[in-house]
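Two complexes, one shared chain (chain A), two partners (chain B, chain C).
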Partner chain A sequence: MSEPVTNLWSVPLLVMIPIFTAIIVNFLYNRTRAIRFISIGAALAVFAIAVVSPYGLHWFAGHPAVNADGTYTFTASIFSWKLSLEYYYGPLQQILIALMSLLLLFVVVIATKSLSKNYGPYIAIVFLTYVSAAAILMANDFYNLWIAVELGSLLVAGLVASSGTSYAQKAALKYTFFSALAGSGLAISLGLILGITGYVNITDAITFLMTNDLGGMYAVLYVAFAFLALAWIYAGGLIPVHPLKSDVYRSAFPHATVLLQTQSKLMLVAIGIVLLRMFGPLPFAREVMLSISVLTMIIGIVMALIQTDFRWILAYIIVSHSGLVTVGLSLGTYQGVVGGLFQAVNDIVYMSILLLCCEMLLYFGKGTSIKFNGGIAKKSPWLAAFVILGAFAASGIPPFNGFQSELIIIQAALAEGLPEVAAVVLMVSISTFIALFRAIYSIFLKPGDPSPAGQPEAKGFTMPPTVFLFLSVLLAISFVLGVYPQLALGFLTESALKVVFVPWVP
Partner chain B sequence: MGSIDSLYDRVKRYLAGFFTGEGSTDAITGYSSGELQMAVFLLVLAAMFRVFMIPLGIVLILVTSIMIVYFAPIIRTVDRENSSDLNRVLFWVIIYFSIILAVTLWGR
Partner chain C sequence: MTEISLQLLGFIAATVLVVVGIAGMLFLDNLIKKLIAFTLLSDGVNLALVSLGYVQGGIVPILEPGASIPEFPNNAALIFGPGIVLTNIVIGVSTTAILAALIVALYKRYGSLKASKVLKGERE
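Up next, the complex of A and B:
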């Protein structure tokens, strides 16, 4: 029998390459070509590592684990107490980090083309945001989880503030203010769990809870759950923190929002899985998670319906669909968790399509308000095609990917005897279509203002070839996952099985 | 006389509620869709209480229906409460946190 690897080579590379890249591009500051070359190379490197890496664990600092008989071991076993900070790289981590690496590449290419100054610090923040999300997803101990969430929050604020508008800086400041609250919540949760179990390693803490009776100390575990749930709400932008998160999404450059929404989904998945593994068996824990998720879905989509700017609509749809991801996870069943994880993958893909289309509207200099636009489909038919197909995917229309994951979540809700939840998922799906097509009609399909008499018809808009390529790749992924969902499900089922049936295994 | 005026005023207020104030849109489509969405969602939420007791679900659906009609348009309230003003968000976070704690401890 082969022992699980505890010094997996890829894990430190996935963390250190982006950190070193961030340091180098920060020093290079405004040297466009060098920054572009290094950042694209680094993004390609992390993508390649994520794709080819085997699965296993990495124990930082080289500390061994302690066996039950007091001897030391460097091989992973669930019945040994880990002294080191532990990262796990499995199929779930692989698909999500590979997808994020691909998006990192797109974001870096677009950012180095579209920005006119301060390349270095901006690209550095982009890479560090990537690291924070990857670390959150791989961490199997509360201490690393806490650090990564704290770092991620500050980097989100940095990325938003970099867009330069006063509105963005205000949104970043508000978000940072709340990070103090949620970060402290996670730290308190960590402290309480450490206090009652003696371990910060999630596997060890769960094993302790399963083999020991806490007696009267169970109340402390509930308080730890509440604080960790608070951090989950904050990190993922769920209700009631969603106004701050939607401000963040709509204030950043759309290409930055691609990475921000990916980071949020990864945080939701990572912390959601920890909540399920650690507190899933507690009475009302999953019900609390489900209530928050359903409320987020509804309030998010209702707010999207009443916006008049495409960026704002997308911001609220991202919030609403975060609820869709967490509904699946909160159901806590195998099918529900698979649906939630698959929804996270799909959501990242189709929202990226829509956000890149939004970026193109700004590139064309037309703005994103639905009041003062029109006729873009005539000037840029390809962009109109991409945005319409992206909207189909987001609305859960076959043969695109959104349909498959929403179907699994609906089936999971029905199987759990919760047709009301299934009905709400359907409502969100239909309302997403209404909200998006209200904007798409006004901006793209409605005839634009006619040219003044005597003047030639305005020329069409040409998309940069790189953005055309990125949109084509994302649309192809959306279509392939819609037609052949097993391609992604193969990476997700193992994690779902572990979360539901053997929660102590990372 | 008074009752007719009151009904007229109420209908007028209901319709004006969609257009006036600091609405994000001057079009009624978004607000009316949002209003319907909220109303249906509240009814679905009330129906979920059938999990505990079916008569409770029925009573709650009836009570919710009456409250929806009385407090309409709800979307304006949702819009107002959705502000990213720090004080408001902090207030709601405290409320949610208290509910989470109370429910989990009570469930024990």
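Up next, the complex of A and C:
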């Protein structure tokens, strides 16, 4: 596989523009209009770059050995050492980063309208969270990967603590303490891989492993796998970290949770792919990943079923569906990896719909508990329509997108001779429907309690036009991907092919 | 023999620091002590990474004028270890700052540094 040597300038812009925006809005502090103007402009700019940027590499240091015709070659036997810290921007990165850029735009618009004070630093954290996710998805070296995970975990704490409640501060503290453990583990993993292979570039390290007999060093490789898997578990909120991650999802503002869950999915995909490329051939590696994924799905959905607050239900469904993403990846087959990647895209879309609806519920002023709500469909029929359709998508009901990816994962599990995994995926899908519609019935469809004597009946609730537009766009994406899944699959198949068949290619 | 022991000593000291750090973070009740335990853990990781780059009888990995170029790659210590350590120190300081800020905020709210009291489960 030969590629032309290019050092793309557009790729680092996806990281640099948000970083500079974060610095500027942080200093602007409370200058409302300036912050809104700059942040929306920056979000539009990164979305445009993500859409139009050509595919290729950006080298921060080093470069591959160049052939006589100006290309460089990837082969297992006659390979070109890359020796570089680099970003790779391909179709997978394009669809996921473009989607995250769109959500960044939505989040920035909502945040600059809904927050009343100190939102310069808050918007700065939002942009840096985007940076961490984009960087980890593009990084093809362990150094950038590690930095992005560390940066991401600190930003999660910042974003959660920004909501200002004591519960959020506790969640942020617990999450940061664990991030110290996982981050240190990742640093050790990086050191061990560097010690075994001598290369920090992921492509180089994989090529070294494929072309050299490690002899007695396999035990060290397993230790490196264990520490990297710990970072994967931590970043994605898989078991046993799910209580910390669900606390985080529940404690942040729902619009911030849109970004947090997107960041988690991107980290799961990015680290999951590195685990597969590097450690996939090791005995028991994929089995360990699959076991963690299946347990996360089950525990997440069981926890969602017993919650009595819509925010908690969504938090645990996000955790459970993270397991759905990783099940596909952990199967390690072409179909499984495609299913996992597609599930990540779909999950980001439909959970964003539900989280934005949850944000509207908070505007409504009656909280998100399913015990003290009711009759909201009558007062805000559009909101009810969006949440019901979003729940259909999350439950894997056609013609929405969740159905397509779950079908691929089920087929992949059956093809691998794992009907029990397929059954668990099906159970998660059905349980998601039950958990969501229990809440939706209580909050939206059930007749509301009459207002206490002497108090006027609550008036109808008008959804802000921007939120209506955002929800419509997300629902349209969900529907279009449900009817024409090939639109997204076209972006995902190349990456899946590389992961499964040519793992030394980024 | 002495030099091999030096690297081994580095790994042993790093292991002790990491184990003490993890144990402190998990089992100590005082949030400030947990924070100190985290810095021990971070130092242990740094020591492990530096020890990893040690080369027996090696030289500083800076190519100085007049140095033997063929001998340099064979004798130079692994440069990436200290490079990663520099980054890890920055990350450690950032994490410590965020943890300290959160601990101060929670102390102002609850008037206690006991994790068992401050982090007690509650649902708002």
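Just so it is clear, the second predicted complex is superposed on the first by the 474 of 506 C-alpha atoms of A that agree within 3 Å, B and C clash if a C-alpha of one lies under 4 Å from a C-alpha of the other, contacts with A are read in each partner's own complex, and residues count from 1 in each chain.
The rule is simple: a residue touches a chain if its C-beta (ideal position, glycine included) is under 8 Å from a C-beta of that chain, and two chains touch if they have at least 3 such contacts.
Computed from a predicted model, the values in this text were never measured in an experiment.
Model built by superposing both complexes on chain A: chain B and chain C fit together without a clash. Contact with neither chain B nor chain C is seen for A:334 once the two complexes are overlaid on the shared chain.
Once chain A of one complex is fitted onto chain A of the other, the partner contacts of A:157 are limited to chain C, with no touch recorded for chain B. When both complexes are overlaid on chain A, the residue A:302 reaches chain B alone and has no touch with chain C. Taking Cα centres throughout, chain A sits at the apex of an angle toward chain B and chain C that amounts to 80 degrees, reported as a multiple of 10. With both structures placed on the common chain, the touch criterion links A:174 to chain B and to chain C. Residue contacts after overlaying the shared chain place A:363 against neither chain B nor chain C.
By the touch criterion stated above, A:195 is placed in contact with chain C alone, chain B being left untouched.
Comparing chain B with chain C, the partner in contact with more residues of chain A is B.
Measuring only between alpha carbons, the smallest separation of chain B from chain C in this overlay is 6 Å.
Residues 174, 177, 181, 312 of chain A lie in contact with chain B in one complex and with chain C in the other.
The part of chain A that touches chain B in the complex is made up of residues 171, 174, 177-178, 181, 218-219, 222-223, 225-226, 229-230, 233, 239-244, 246-247, 282-285, 287-288, 292, 294, 298-299, 301-303, 305-308, 312, 418, 420, 423-424, 427, 431, 434-435, 438. Within the complex formed with chain A, the chain B residues making contact are 23-25, 27, 29-31, 33-34, 37-38, 40-41, 44-45, 47-48, 75, 78-79, 82-84, 86, 88-90, 92-93, 95-97, 100-101, 103-108. By the touch criterion stated above, chain C contacts chain A in their complex at residues 18, 22, 25, 31, 34, 38, 41-42, 44-45, 48-49, 52, 78, 80-81, 84, 87-88, 91, 94-95, 98-99, 102-103, 105-106, 109-110, 118-119, 122-124.
By the touch criterion stated above, chain A contacts chain C in their complex at residues 143, 146-147, 150, 154, 157-158, 161, 165-167, 169-170, 172-174, 176-177, 179-181, 183-184, 187-188, 190-192, 194-195, 198, 200, 309, 312.
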